[in-house]
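Next come the structures, one after another.
Okay, so chain A shows up in both of these, paired with chain B first and chain C after.
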Partner chain A sequence: MNSTRPSTFTQYRTLLAKDIRREFRTREMLTAMGIYAVLMLVVFGAALATTVAAFDILQMSGGLIWALIVFTSLLGLTRSFSYEKEEGALEALLLAPLDRSVIFLSKASSNLLFLAVVELIALPLFYFFFLTGSGLAPTFWMTLGPLIVGTVGIAGIGTLLATITMGTRGKDVLLAVLFIPLIFPLLYACVCATTVALLGSEMIMDTYVPSMALAIGYDVVMILVSWLLYDFVVSV
Partner chain B sequence: MMTPETDAENRSFATDLPVVEVHKLSKSFGARTALDNVSFSLPEGAFLSIFGPNGAGKTTLLRVISTLERPSSGAVRVFDLDLKEQPEAIREHIGFVSHRSLLYPDLTAEENLEFTARLYGMSDPARCATHMLATVELTARRHDLVRSFSRGMTQRLAIARALICDPHLVFLDEPYSGLDPHAVEILDELLATIRQRRSFIMVSHDLQKGFELSTHVLMLAKGRKELFAERSELAFESFANQYHAAVGMEVA
Partner chain C sequence: MTEKKHPLRGLDSAAVVLLAIGAVLTTVAFVLSFVSAPLVYGAAVDAPALIGGQMVTNKLLLSQKIFYFHMPVAVTSFVALLFTAIFGALFLVRRERRYDLRAKVATEIALVFILMTMVSGEFWERFEWGVWWTWEPRLTTYFILMLLVIGYFILRGAVDDPERRAVFASVFGIIAFIDVPICFLVTRLVPTSVHPVILRTDSGLGPMMLLPLMLSLVGMFCIAFGLYRFRLREQRLRERLEALKEGLED
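And now, the complex of A and B:
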């Protein structure tokens, strides 16, 4: 049987398909993240139960949405490499003739996909629990921008950090300690952009555009750095 | 211009060039020296068994030669390719069997093999998987999750995974670890059938079995080479005595 060196895209597709097949068979990450997101909504509901009448919840929604996304993604990221380590399958990937940045791209893509699936479930629930009857602004659709850019950044930066921490004893805590400070500029920009899009004032673009520029710039730089560092990080 | 990949493809694997050449190799992890100035050369078709007590550096040596670890100093050439310069070209022609399976427990046997075949660019991954499943006598369990396999079956599948890319050099890191006697028999038969055209480097704690299988033996202690010789030059008893002397034990 002959072999020819497969293209980078073929290897990327093979790795991604493996992650998707495994996840949709076990539903390990999706179930954990989904349940966690719903529980966070319940906690938000309890926390806001007495303040809702006096306070415009729209003002807080941007922050709450991103708290939901960040903590849910942390849970998924810590699990994204656990099955690669279980029987040493990651070593088999490192022994294969492939550029190690392909492992990063495929793992970041699968993390992005799983986080997006959870957001597709959790965010409509958030709307249903907290925003129905709030009178959404016509700029509501603009929340899609920070949601996409923020989720891409979280998946990219989180994949690098999950790789760094996967072999450590206190990986759950260490990942959170590294992840939240590192994504803070992205998180801040996304919270601002999401909040102004939900509120929809006349001056929306004065905040939305610079916030999105910061978020996109931060994504590009950090994902590029992660991609370049990955060979070193995964080999250590 | 010839790329490292085509260079490796065009390389004859039946030349007089050593399949592995290790020159003054050292590897340290922080202040701890795992390998200290190790040198040896292995001819094509050889079966090298590496012996030594725990912490002697056997697995580290295997991991360095197989490109999983970078050497701290010294030079390693595999198929006459430089380990530091052309690791990807080397990886195309090696297989690795560990005491861990390196498989995905939540994928089926067939899915695991097809996945590996695709990564290595095999022309027909499904056919490759079918062929290898038949070789390790797991065709009947092809659709079962690896998680449901016994230790022996998992190890057979791990060997199929390692051989699916038709490697010229196979690394075996304690492949008999945790196997029952029947599984050991099956693994022995399997190794006998796959020895043609291939070279092997095996780490083993089983002196008798490692010695029987080998054409060359390497003994390590505290990261240093204590002995490297062709097996034909050694009698098992004298080898065992040397081994026990090196690890500071008395022969029973």
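And now, the complex of A and C:
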């Protein structure tokens, strides 16, 4: 008897497809984020220009990668809701009889997707610009762990905060003010895990495992809480 | 507008008494910490150690007395933030404006105590560890906590509609609270932390050290609660005044 009403998964897929289709047509977010990421690499290049030749960039490349990801994601998150607001799309979405958490999940997924695409472009470029001179450790593939966990967390927490700041004055700055301290524990854990994976020392697991445990735990708690509280934020 | 007798009026008069008790207790604790508590070796460092690029030796340091003030103030700020989260959750469930006001006042008290913790901790770092700042786990997480609380007020200031402001602030207050257990437990989770674990059964604090610490802690709770009630009453009176003013204009 409920055959006329689309299932939750169908709703989710429709909303996600809408975001992706829009991005394919306008290429607004990906271009902005991609160019911003490249510009940050240029700034890194200038910042590191006069370091001595023997300077081991591997030591700090984990931190640089995460600085790149955090600031690029900030740019994308601000944009992800601005166009929903502009044409009144969000009001229509709220009028539709669907669960609010579906909106959260679809929006977080599209943010995650776009951020992942930007990382796929920016991280090889980071390697090309900075790391070709220094040999990568055989454990470098383990950076995938913190990259995935960190990006998921950023997309989840960022979606909630972007929804909050959407309706405020000075939203771009406010998003940064709320977002950066809130993801700090995740950021810290991911930088630790990424750095040890890039360096590939013998004691790698001593740092890698607790860091990943902290990052995953933080992700789970934060995304659960964001998901629970999203209904209040989006419908007010 | 009818005059409504508030059921918690008794708490407001208790606030005066509590504030006085708090003042006495913290003063007694302050005196005791110098008179009765023995000197101890600086922080958890009992051998020359390199912290933040500086050698820290195991001299008997008078600056350790900061501890009797620093830790109770920090614990009080955690408790105040717990109330922010509780009142935030109550607001989201019941949608009564008084819970939002309470959450806001509790966060204001938390900010006051956080600033006191940061200032006393700053002295501690300089004189016990020999540095102005180090990215030590608890220091970092507490600094983040301060930024989150400041962010809470920036968020409140950026929303005009009271209903939206209350919802956003409640939600943010709840998420920001997640950093409190992290900050509290980080010294247990990360063994490299320079902060000692105080709240445990074998903390090594003798009775003459425990006494001023506990007096100070209870005193700080009293002061925080007294300040909270005072501020809450002030805010409520202000709201009533605004309502009366608007009534006159009509």
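The definition used in the following text is that the second predicted complex is superposed on the first by the 231 of 236 C-alpha atoms of A that agree within 3 Å, B and C clash if a C-alpha of one lies under 4 Å from a C-alpha of the other, contacts with A are read in each partner's own complex, and residues count from 1 in each chain.
Criterion: a residue touches a chain if its C-beta (ideal position, glycine included) is under 8 Å from a C-beta of that chain, and two chains touch if they have at least 3 such contacts.
It should be emphasised that the depicted structure is a prediction, and the values quoted were computed from it without experimental measurement.
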>> Between chain B and chain C, whom does A:Ala96 touch in the aligned arrangement: first, second, both, or neither?
In response: first
> If you stack the two complexes on chain A, which partner ends up touching A:Ala67: first (chain B), second (chain C), both, or neither?
Replying inline: neither
>> Output check: A:Val225 vs chain B and chain C. Expected answer is one of first, second, both, neither. What do you get?
In response: second
> Which holds for A:Leu113: it touches chain B only (first), chain C only (second), both, or neither?
Replying inline: neither
>> Quick check on the superposed pair: does A:Thr14 touch chain B, chain C, both, or neither? Answer first, second, both or neither.
In response: first
>> I'd like to know which partner A:Ala32 touches here: chain B for first, chain C for second, both or neither.
In response: neither
>> If we overlay the two complexes on their shared chain A, which of chain B and chain C does A:Gly170 touch? Say first, second, both or neither.
In response: second
>> Going by the contact rule set out at the top, does A:Pro6 touch chain B (first), chain C (second), both, or neither?
In response: first
> Just which bits of chain A does chain B share with chain C as contact spots?
Replying inline: none
>> Under the definition above, what is the set of chain A residues touching chain C in their complex?
In response: 157, 160, 164-165, 167-171, 174, 177-178, 180-182, 184-185, 188, 210, 214, 221-222, 225-226, 229, 232-233, 236
> What part of chain B is in contact with chain A in the complex they form?
Replying inline: 5, 66-68, 70, 88-89, 91-92, 94, 96, 98, 100-107, 111, 115-116, 118-124, 127-128, 131, 146, 161, 165-166
> chain B touches which residues of chain A in the complex?
Replying inline: 1-6, 10-11, 14-15, 18, 21-22, 25-26, 83, 86-89, 91-99, 235
> If you look only at chain C, which of its residues touch chain A in the complex?
Replying inline: 92, 140-141, 144, 147-148, 150-151, 154-155, 158-160, 163-164, 167-168, 170-172, 174-176, 178-179, 182, 189
